[in-house]
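Lettered A, B, C and D in written order, each chain numbered from 1.
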Amino acid sequence: MVRIGIYGATGYTGYELLKIFARHPEAEVVFAASESSAGKRYSEVYPCPYEQVLIAPDEAPLNRIDVAFLCTPHHASAPLAKKVLDAGAKCLDLSADFRLHDAGVYQAWYGTHAVPELLGEAVYGLTEVYRAAVARARLVANPGCYPTGPLLALCPLLRRGVVTGQKIIVDAKSGVSGAGAQPTPTTHFVNVHDSFSAYNIGHTHRHVSEIEQELALYAGRPMRLVFSPHLLPLSRGILSTIYVNVGLDWDPRSIVALWHEAYRDEPFIQVLDAGKLASLAHVVNTNRCALSVASAGVEGEVIIVAAIDNLLKGASGQAVQNMNVLFGLDETLGLVA
Amino acid sequence: MVRIGIYGATGYTGYELLKIFARHPEAEVVFAASESSAGKRYSEVYPCPYEQVLIAPDEAPLNRIDVAFLCTPHHASAPLAKKVLDAGAKCLDLSADFRLHDAGVYQAWYGTHAVPELLGEAVYGLTEVYRAAVARARLVANPGCYPTGPLLALCPLLRRGVVTGQKIIVDAKSGVSGAGAQPTPTTHFVNVHDSFSAYNIGHTHRHVSEIEQELALYAGRPMRLVFSPHLLPLSRGILSTIYVNVGLDWDPRSIVALWHEAYRDEPFIQVLDAGKLASLAHVVNTNRCALSVASAGVEGEVIIVAAIDNLLKGASGQAVQNMNVLFGLDETLGLVA
Amino acid sequence: MVRIGIYGATGYTGYELLKIFARHPEAEVVFAASESSAGKRYSEVYPCPYEQVLIAPDEAPLNRIDVAFLCTPHHASAPLAKKVLDAGAKCLDLSADFRLHDAGVYQAWYGTHAVPELLGEAVYGLTEVYRAAVARARLVANPGCYPTGPLLALCPLLRRGVVTGQKIIVDAKSGVSGAGAQPTPTTHFVNVHDSFSAYNIGHTHRHVSEIEQELALYAGRPMRLVFSPHLLPLSRGILSTIYVNVGLDWDPRSIVALWHEAYRDEPFIQVLDAGKLASLAHVVNTNRCALSVASAGVEGEVIIVAAIDNLLKGASGQAVQNMNVLFGLDETLGLVA
Amino acid sequence: MVRIGIYGATGYTGYELLKIFARHPEAEVVFAASESSAGKRYSEVYPCPYEQVLIAPDEAPLNRIDVAFLCTPHHASAPLAKKVLDAGAKCLDLSADFRLHDAGVYQAWYGTHAVPELLGEAVYGLTEVYRAAVARARLVANPGCYPTGPLLALCPLLRRGVVTGQKIIVDAKSGVSGAGAQPTPTTHFVNVHDSFSAYNIGHTHRHVSEIEQELALYAGRPMRLVFSPHLLPLSRGILSTIYVNVGLDWDPRSIVALWHEAYRDEPFIQVLDAGKLASLAHVVNTNRCALSVASAGVEGEVIIVAAIDNLLKGASGQAVQNMNVLFGLDETLGLVA
């Protein structure tokens, strides 16, 4: 039994963790902490039958857990992670605090880092890419929701030298849960329903830094991202349409073959046959990432379509996948493959 | 040209008024006032091309308008109405402040009334029922969104003595715009989308007071309402399913005939043939009320289904309809019949 | 390992079964049959990674299964059920063919029954009510989607004599998956989205027969149902608002206590505290039924709100729950409690 | 009074025309024709109060109209257009039959053209670009829904030489009404709702031919389109995210200025300030096209976001706009600016 603590338990990623652990046979939630809802039963916060009482973060019994999930915002996670590690538990952080390896890059996109000395140790938890390192880690930085699909799609191509040029365009569309549980004009039903909008397009969304870091690592050279996030009138899922230049000897069929080779035994990667395109229906409510590719109709250019559930493979599902790796469990426990 | 002032212009009903007046050939918006957004152009508040600059309510040039629309909350409307009337303009209030004739009833449901002396003068602006009084009014209390459909459905039946017993059940379903533009957990997209819920059911929603007042006036005897509001995962529209006991000589066909007779020349009442049922698709984005009725399969009981757009016939549309009546204009100006 | 066969596997209930069995540790799908899609892989029919090849119903290896799930329409299920039983397997029918005990009642609502001799043997599979009989059955008639919520809500009340009078009103709202996978004008996205409509209201929907049969059995006297189904603009879930007359010594608090007593150890029944109301968010994507009750504000009348996921507790989930009972397994295997 | 005939009146574009003409002060619908619904009242086909009886296309009194709107599919429109013109009426075709100037290109994308001799005469009805020609036309080819937004966005840039290189990427997202009123698996509510998908991406969607024709005309040189249509879970609207290379002396601010100059007095073009992005909420239920632009964060590249209502500015609204031009009326009559 892995003993679990959850910080920031009343956000959407915390709720997903509780749902996953309710059916995970090898995990036990020792505490769920929340600044704002301490003292409430979980069923008072979300329409569910979980009667666990939320505790204040300060009262978390760190000595009784094996691993903490940090569903806290960036800047809040960093000092918490230190506290958890100091208490001898492992730490899975779902915020951006440990995704960037370079404190200067973090500074540029997020501001000053509270515990930069931990950056070097943190493992970027894109499980299929960094499984071996995750297995040995104390501190795992769970990837952002937008990066996960494009990185899984592009990693085999970049490592194999398929991609030409520096620029990749990702036109991404996300459900509203990605904006968090806080009520704001942006998440007001009437503003979202029946609309569709772009925001922070170009080179301005913070996930750009994380995606560019990883693309460069896979490619072995700097890469430049043009990134256009959009808000979909639905709750869950991210679909990314990716415009990428490839060598003239590559086409959708050979890229599909490359993915099959790279992800042969992966339970959560669904590679679609050439000619079929991934949709949110392929992945919502699962921990899968669906990958597909088509010709752009222009020589040396293809269009990749990648889909995930932002709260599962894009957050809590991948975090549990990482936990399963960390503790030597069957990687699919608690998750829908 | 009717000269218009709008208070509380940045709520949903204010936005609907601006859209209506943009195509109303006999109205001119002199000012749109907003406490929170004074100084902004309207296009900064809503995704529209209206470049009108919002003013602070205190700076409203009351001497330059013929009529003020109060899109302000209850308790805020009452003193504003007095100010408007004192300045010599007419007043159309979209809040609950002047819908109840009895200050004691108002007290019980809303608290102390600020200007009870105006209650006697206010006309309840259910246009099809009170058109003559509206035409002569200084102060019109625009009906609530929930009451409009059931009252239009039931008025002819109650006046004709069709309804037996005291109790009427209204099972009502409303779109989210009825909850207002304020971001709250209740209006957060993720909480509403793909869900459906009841709230304030029984005899607790404030519109109960208004509906019971009117039912009693039409029936000439006290009536008792069981009222169950529900929240639909869509932006606009209210559909009311109404369970009513009727005399044994009445059936859906004769009730349809009665409505046709009562509403013969009404441009905004759509009576469906017996056997057809009203849906939100009949009325959304129009000022219509669609009426339909079916047998309950129990002797002496029918089921009425009534539909409106809550922001138009249930609020701003009916308010403009009343304004058209007030100023002797074609009643359909600016509105979709 | 329970060996499973599925007929009608490409409808929504068949798809749900495949998703459930993908995570059920004690079940193995031996065949999935489909008249229209035989020869296709399942992943060609739905956006999922199931590569099982669909077979023609005639080629089903009945000797290799322990139980067949019939996701076929009424009239198609009856002869299939006979064939399955004759082959020595058990049978879980999700159609209406075996829900009514009386061939005459079946005749009145559905037409002539093909194998009326099996009607006496079939067990109505409302698990919480008929668990012991289900455990011994060869043939289980899985309840309809609309009946499940109201029957679970009302059974304890009727058995205890709480309900007065004969008439019960059920105002029910269902997601679109209840209308099946066939493309029709009724299920066209543009006709459903942003609309809300009533259909077959009064005493005309076929589920009336099934609900009245059960209500009478629980009450020990005939009951009369007024039933108003509505179509919600969402995919899954049924919320039923139930108007019921009760003895003057009963109120929401004591009814909640009665439910707690009746459903004490039930993993799939969630009784909400008095003052809280069930919503679809409580149950969608789970096998739960959420029960709640409030005062109608009229003496001797309460309003019950019951919610289920129509494809799970209202169909495939309850069918698997029954299968678990039939084979002596933990009742929650494969299901979300 | 312009006397109108409508063919194919029961599709979505026909329904929009009827709604527009219900409030158009200078138009009278003489006939609405439908192959499949001849003899029915319009209110039996759509939930509206229009009691006009649909006639068979063969019985259309062409001698009594000034202009026919063809809401018929490609291949069906071409011979109808000839018939209408021969009868002396003008013709507004909403199909693709007269959008391509070159019969060979038509052949390649749609097959053999039935009346190629009319291709030379037809005017491409992008009103803001071809207003003068529309005013003199007998036969107007109303633009496709996908082309309208990108062409309005790009025309001023291409004419001014802003765009460098040949390739333009349009990542477009459309509501479901674009797929037509026919019930199919693609338009089944459950398949669309809560999903999002790409289809016909690259260089395969038929609108590619039309867009490339126009881009080349504006640029004075061949252009190459990469086009990715997606299906949004909503009924109306198209938002296009356009990746375009521009000269180094151009930036979002100067492009906004260029649009303002090009579209100075256009009632239906809404140019957003630099820094703001168009959304569907800007345009749905109006005849507007909203234009916006942002930096791509890569030198010499910008991202344009253009939005329209596919049934209005992308179909019936623009058709009526063209009709207003054709008959010398105020261009905004019947339309929401």
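In this section, contacts are C-beta pairs under 8 Å (C-beta built on N, C-alpha and C of every residue); 3 or more make two chains touch, one makes a residue touch a chain.
Model, not experiment: these values are computed from the prediction.
Trainee: If you check the contacts of chain B and chain C, which chains show up for both?
Mentor: A, D
Trainee: From the centre of chain D, which chain's CA centre is farthest?
Mentor: Most remote chain from chain D, centroid-wise, comes out as C.
Trainee: Name the chain pair with more contacting C-beta pairs, choosing from A-D and C-D.
Mentor: A-D
Trainee: How many angstrom between the C-alpha centroids of chain C and chain A?
Mentor: Once rounded, the distance between the two centres reads 36 Å.
Trainee: Rounded to a whole Å, what is the gap between the Cα centroids of chain C and chain D?
Mentor: Computed from C-alpha means, the inter-chain centre distance equals 46 Å.
Trainee: Taking the mean of the CA coordinates per chain, how far is chain A from chain D in Å?
Mentor: That pair's centroid distance is 39 Å.
Trainee: Out of chain A, which residues touch more than one other chain, so two or more?
Mentor: If we look for residues of chain A contacting two or more partner chains, we find 47, 193-194, 233-235, 279, 281.
Trainee: Across the complex, what residues on chain C touch chain D?
Mentor: Contact set of chain C toward chain D: 12, 47, 176-177, 181, 183-185, 187-190, 192-195, 233-235.
Trainee: Touching residues of chain C toward chain B in the complex: what are they?
Mentor: 167, 169, 171, 173, 191, 193-199, 201-204, 208, 224, 226, 228, 230, 232-237, 239, 241, 243, 277-281, 284, 294-298, 301, 303, 305
Trainee: Along chain D, where are the residues that touch chain B in the complex?
Mentor: Checking each residue of chain D against chain B gives 19, 22-23, 47-49, 194, 270, 279, 281-282, 285, 288, 290, 336-337.
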